[in-house]
Amino acid sequence: MTTVHEVLEVGSPDMHIAEGFLPWQHAAAWTAVAAPFVAHGVRSLTRAVRADPDAKLLIGAAGAFSFVLSALKIPSVTGSCSHPTGTGLGAVLFRPPVMAALGTITLLFQALLLAHGGLTTLGANVFSMAVVGPWVAYTAFKLVRSATARFGAQTSLDMAVFSAAALGSMATYTVTSVQLALAFPDPQSGFLGSFTAFAGLFSITQIPLAVVEGLVTVVIMRLLTTV
Amino acid sequence: MLAIDAAAYTSPWRRVHPAAKGVFFGGLLVCALALPTWPAAPMVAVVALAAGFGPARVPPRAFARAAWVPLLFILTGSLALLVTVGGPQGAVALDPAGAARAAEVTGRAAAAVCCQLLFAFTTPLADLLPRLTRIGLPSALVEVIALIYRMLFVTLDSARRIQTAQAGRLGYAGRRAWIRSVGSLGAALFVRSFDRAQRMQRGLECRGYTGELTVLVEELPLRPSALAAAALPAVLVAAATASYFSLGAPL
Amino acid sequence: MTTDPGGATAAPPAALSGHGLAFRYPDTAPVFTALDVRIAQGSVVGVLGPNGGGKTTLLRLLSGSLTPETGEIHVDGERVRRGRRALNELRRRVQLVFQDPDDQLFSASVSQDVSFGPMNLGLAADAARERVAWALEALEITDLADQPTHLLSYGQRKRVVLAGALAMRPSVLVLDEPTAGLDPEGVESLVQTLEGLRAAGTTLVVSTHDVDLAYRWADTVLLLNRGLLASGPARDVLADPALLAAARLRPAWAPAAGRALRAADLLDPRAPDPATPEEAARLLDLDSGG
Amino acid sequence: MTTDPGGATAAPPAALSGHGLAFRYPDTAPVFTALDVRIAQGSVVGVLGPNGGGKTTLLRLLSGSLTPETGEIHVDGERVRRGRRALNELRRRVQLVFQDPDDQLFSASVSQDVSFGPMNLGLAADAARERVAWALEALEITDLADQPTHLLSYGQRKRVVLAGALAMRPSVLVLDEPTAGLDPEGVESLVQTLEGLRAAGTTLVVSTHDVDLAYRWADTVLLLNRGLLASGPARDVLADPALLAAARLRPAWAPAAGRALRAADLLDPRAPDPATPEEAARLLDLDSGG
């Protein structure tokens, strides 16, 4: 196939833990860990819909946007590409509890429509991408926003958005490395050694990606705040 | 527009109840995960692929294109299992047992990915999502999920066209331009998504929308015998694995 | 040339009418200040005018998707009262179909989407199923029932939205640019399908930029440019250069071709203009053949 | 009737040509298997055919937004090589403009949006600013420069998108249904602006469903229906009923009107058909007046 879809060619490598990669005990445990966050998100989402039926279509639009955002391709090192996690932007725009629900739906669609991530590993992926990522991003956004208030509105917003997106992305990849290290501890050095191996392996691509995602998110937020 | 999705609607198994397909591929998936990888994983893969490329006629090329994403993750991840870190042999050294470990994980995950993908390739989401209320999800949530499914294609279509237009004006010719383009694409999509939601609100109001997206979901017959038949391959794989070990194969 | 929208041609009763309609969007100049329109039962009414002239606004007012500031809407002779129930009843009886089908398709399955209106009417599953089947049949898309919405062509999606509107059993279908984006064959086939609906008793209100289409298809036309410029039989209104200029429209080809054919004695002076270029060519070929 | 797209009319050099183009979308039947097209410098080329017949695909192949499976594209006589740099050069020289302006406006203000391309070319701020001013001038929208894009009318947005393409200084502008959604006056004014660009040396490739527009505006037309049915002078190709039927198009009005006028001795047998109904009416009025 020779269509030129620079940013939308679905099928580039990413950080979703594939189906079957985790032992079933781990998959079940991460599902249990993620469940309360997702349940809370779903509850706040259904409450919003019940309070205002018009919210249903807006939430639908937000979910569709989250999915497509995570299908965009952004440039990485060595000319290869990857997908943004979208956790930073989502957390700032929609708040972490809503992202827990929307992120779960997005991950479900990614698993079924794109084969990005699995069904039994959904809990693990939800925990890293729809729970920890958004919370880290949101916290970073709030902290940096107040810490940089004296630099002027635009600079402060830029720095906060960059930190949110970059740190949210980094947090996601760190949690994934933790999940893999717990599942496959190093025979010699245990969890720590294995974490070093996984984190080292993925950091080659993920650290530059986090920076790029931060920059892209700054561009998005700048445009959204000027419209 | 999305290869897996498009193939699912033309699948000969489309008329099979999603629950039966879920039991069939889900049962095999459980076998791949819960039973010893050797020999369960290869058996699962063979049974699933035989069903998928046989009676279910999943297009092999589309399947291969879809499968390489998770396979790449599996292979990259398994690389880390080949080495040991911080041991007596130095900072990073080849782990003598690593190859076996990596092979086991790769085998298990590859078999599981086949089950997941073949389920997706034979089960259109338009048939699956409205039935999620049956497993206890609140109907408001199911409506939102179904709505997201519909809207993501509209948004994806916009994204593709905007991106093509940007590429025509050399928006992806360099790294800086690329970042600027993806950023403005994201912002444009956000604005358009919410504009779309508002227009759809108006459009649906004309059709009597008052907050519920109730639709008529056609009944598909689901016979208990069909469910039992769908579970059979998984049971056979489990039985074969058990007999493999009882016949004294090495553990 | 133009007839009083309220009276005169009293023969067919009005399926839908607006009386003294006034409307403005927030913070803009008013679109209409006192508009009177009358849609005769069983007719095809073309709504023409420049972009920004108020075509879509009128369609939305007539179908209850916008509420006029002042003025009244009557459906089948009854005044539409204030309040949610009366509004919902208006919306059911006057179904508006938007130009962009993606504004009204929310379900990934065609049959599920078409069932939305009937389900909102509170019909039982059997009755709703029957309505869906009937509407798909009327739009000639029964074979699309199980297709996913997102894999349909633009023209097919337009038909699905029309089926969804028809499944409400409205007395009036209000269509915003139904032929926009269709190729000539698609336009022809849609017009024929809509003619079938009209023959079965549905009144059609159709906005369009296509003067030639309105000339050959519409019974009456409403010429709008922030207010009603004229209303009357399509062949009168659309043959009046002064009116067309006021509505910033170009004339249709048919009257010129008809005049030329009559000048060449190829068409009876009292016969109507040829509807299509094919028809004109046939008259010319008859001549050169005979 | 149809001319060999490669040779014969060698007079004006080709601005753009495709040789043996083959293309298919994944998992579908091929759209083209061996397509040859030739776009003469400084001409207006109409691309016509049914929906799904490959019009947009051809436009995207010619402008480097799709890459053919086999075959070559030549711009200004040079073959476009493989690789990213050559592709980008093709895209700059052949600018594609889509039907829906909203797909192509992604900046906050008009001048910012028009500067998108020049910035990507790596121009200095001054040079880019100059390009933007020049392009806005050419599209007659200098007064919109500081407007936010979402407050513009549909027709204005179309012009902004055209300015954005023109700011790349392309030798060929490829326009997908540029007149869709415009009212008749908007069509007329856009056509006149585009004629101005053509007079200044830009070659235009225009897809359209409007046979009458192609008949009066295009120099040559390409008739597509999954492959090239015909290419040649608009007034030959679009007057051939067999070709039109194969392309599932309806005939234009102008040839029928012209024949009728000639039959009535109101038009010289060798004079071209009237371009518009107004022109036909003028001939008829001359007659009744004189």
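Labels A, B, C and D are assigned to the chains in the order they are written; within every chain, residues are numbered from 1.
Just so it is clear, contacts are C-beta pairs under 8 Å (C-beta built on N, C-alpha and C of every residue); 3 or more make two chains touch, one makes a residue touch a chain.
Keep in mind the model is a prediction, meaning the values are calculated, not measured.
Visitor: Per the definition at the top, count C-beta pairs in contact and tell me whether B-C or A-D has more.
Guide: The greater number of contacts lies at B-C.
Visitor: At what distance in angstrom does the C-alpha mean of chain C lie from that of chain A?
Guide: The separation of the two C-alpha centroids amounts to 47 Å.
Visitor: In angstrom, rounded to a whole number, how far apart do the mean CA points of chain C and chain D lie?
Guide: Each chain reduced to its C-alpha mean, chain C and chain D end up 30 Å apart.
Visitor: Which whole number of Å gives the spacing of the CA centres of chain A and chain D?
Guide: 43
Visitor: Enumerate the residues of chain B that touch no fewer than two other chains.
Guide: Residues 5-6, 125, 147, 149-151, 154, 164, 167, 180, 184-185, 187-188, 191, 196, 200, 204, 210, 212-213.
Visitor: Could you list which residues of chain A touch at least two other chains?
Guide: Expected reply: 4, 57, 223, 227.
Visitor: Spell out, as numbers or ranges, the residues of chain D touching 2 or more other chains.
Guide: Those would be 26, 64-65, 106-107, 150.
Visitor: All pairs of touching chains, please: list them by chain label.
Guide: The set of touching chain pairs is A-B, A-D, B-C, B-D, C-D.
Visitor: Please name which positions on chain B make contact with chain D in the complex.
Guide: Spelled out, the residues of chain B in touch with chain D are 3, 6-7, 59, 61-62, 158, 161-162, 164-171, 173-174, 177, 180, 184-185, 187-188, 191-192.
Visitor: Mind pulling up the chain C residues that touch chain B in the complex?
Guide: For chain C paired with chain B, touching residues are 63-65, 88, 91-92, 95-96, 98, 100, 102-109, 111-113, 115-121, 125, 128-129, 132, 147-151, 164-165, 168.
Visitor: List the residues on chain D that touch chain C in their complex, please.
Guide: Going through chain D, the ones touching chain C are 49-52, 153-155, 180-186, 188, 209, 211-212, 241, 248-257, 259-261, 263-266, 274, 276-278, 280-281, 283-284, 287.
Visitor: Mind pulling up the chain B residues that touch chain A in the complex?
Guide: Of all residues in chain B, those touching chain A are 2, 4-5, 29, 32-34, 65-74, 76-77, 79-81, 83-88, 92, 95, 97, 101, 105, 108-113, 115-117, 120, 125, 138, 140-141, 143-145, 147-152, 154-156, 159-160, 163-164, 167, 172, 175, 178-191, 193-194, 196-198, 200-201, 204, 210-213.
Visitor: Give the list of chain A residues in touch with chain D in this complex.
Guide: 1-4, 223, 226-227
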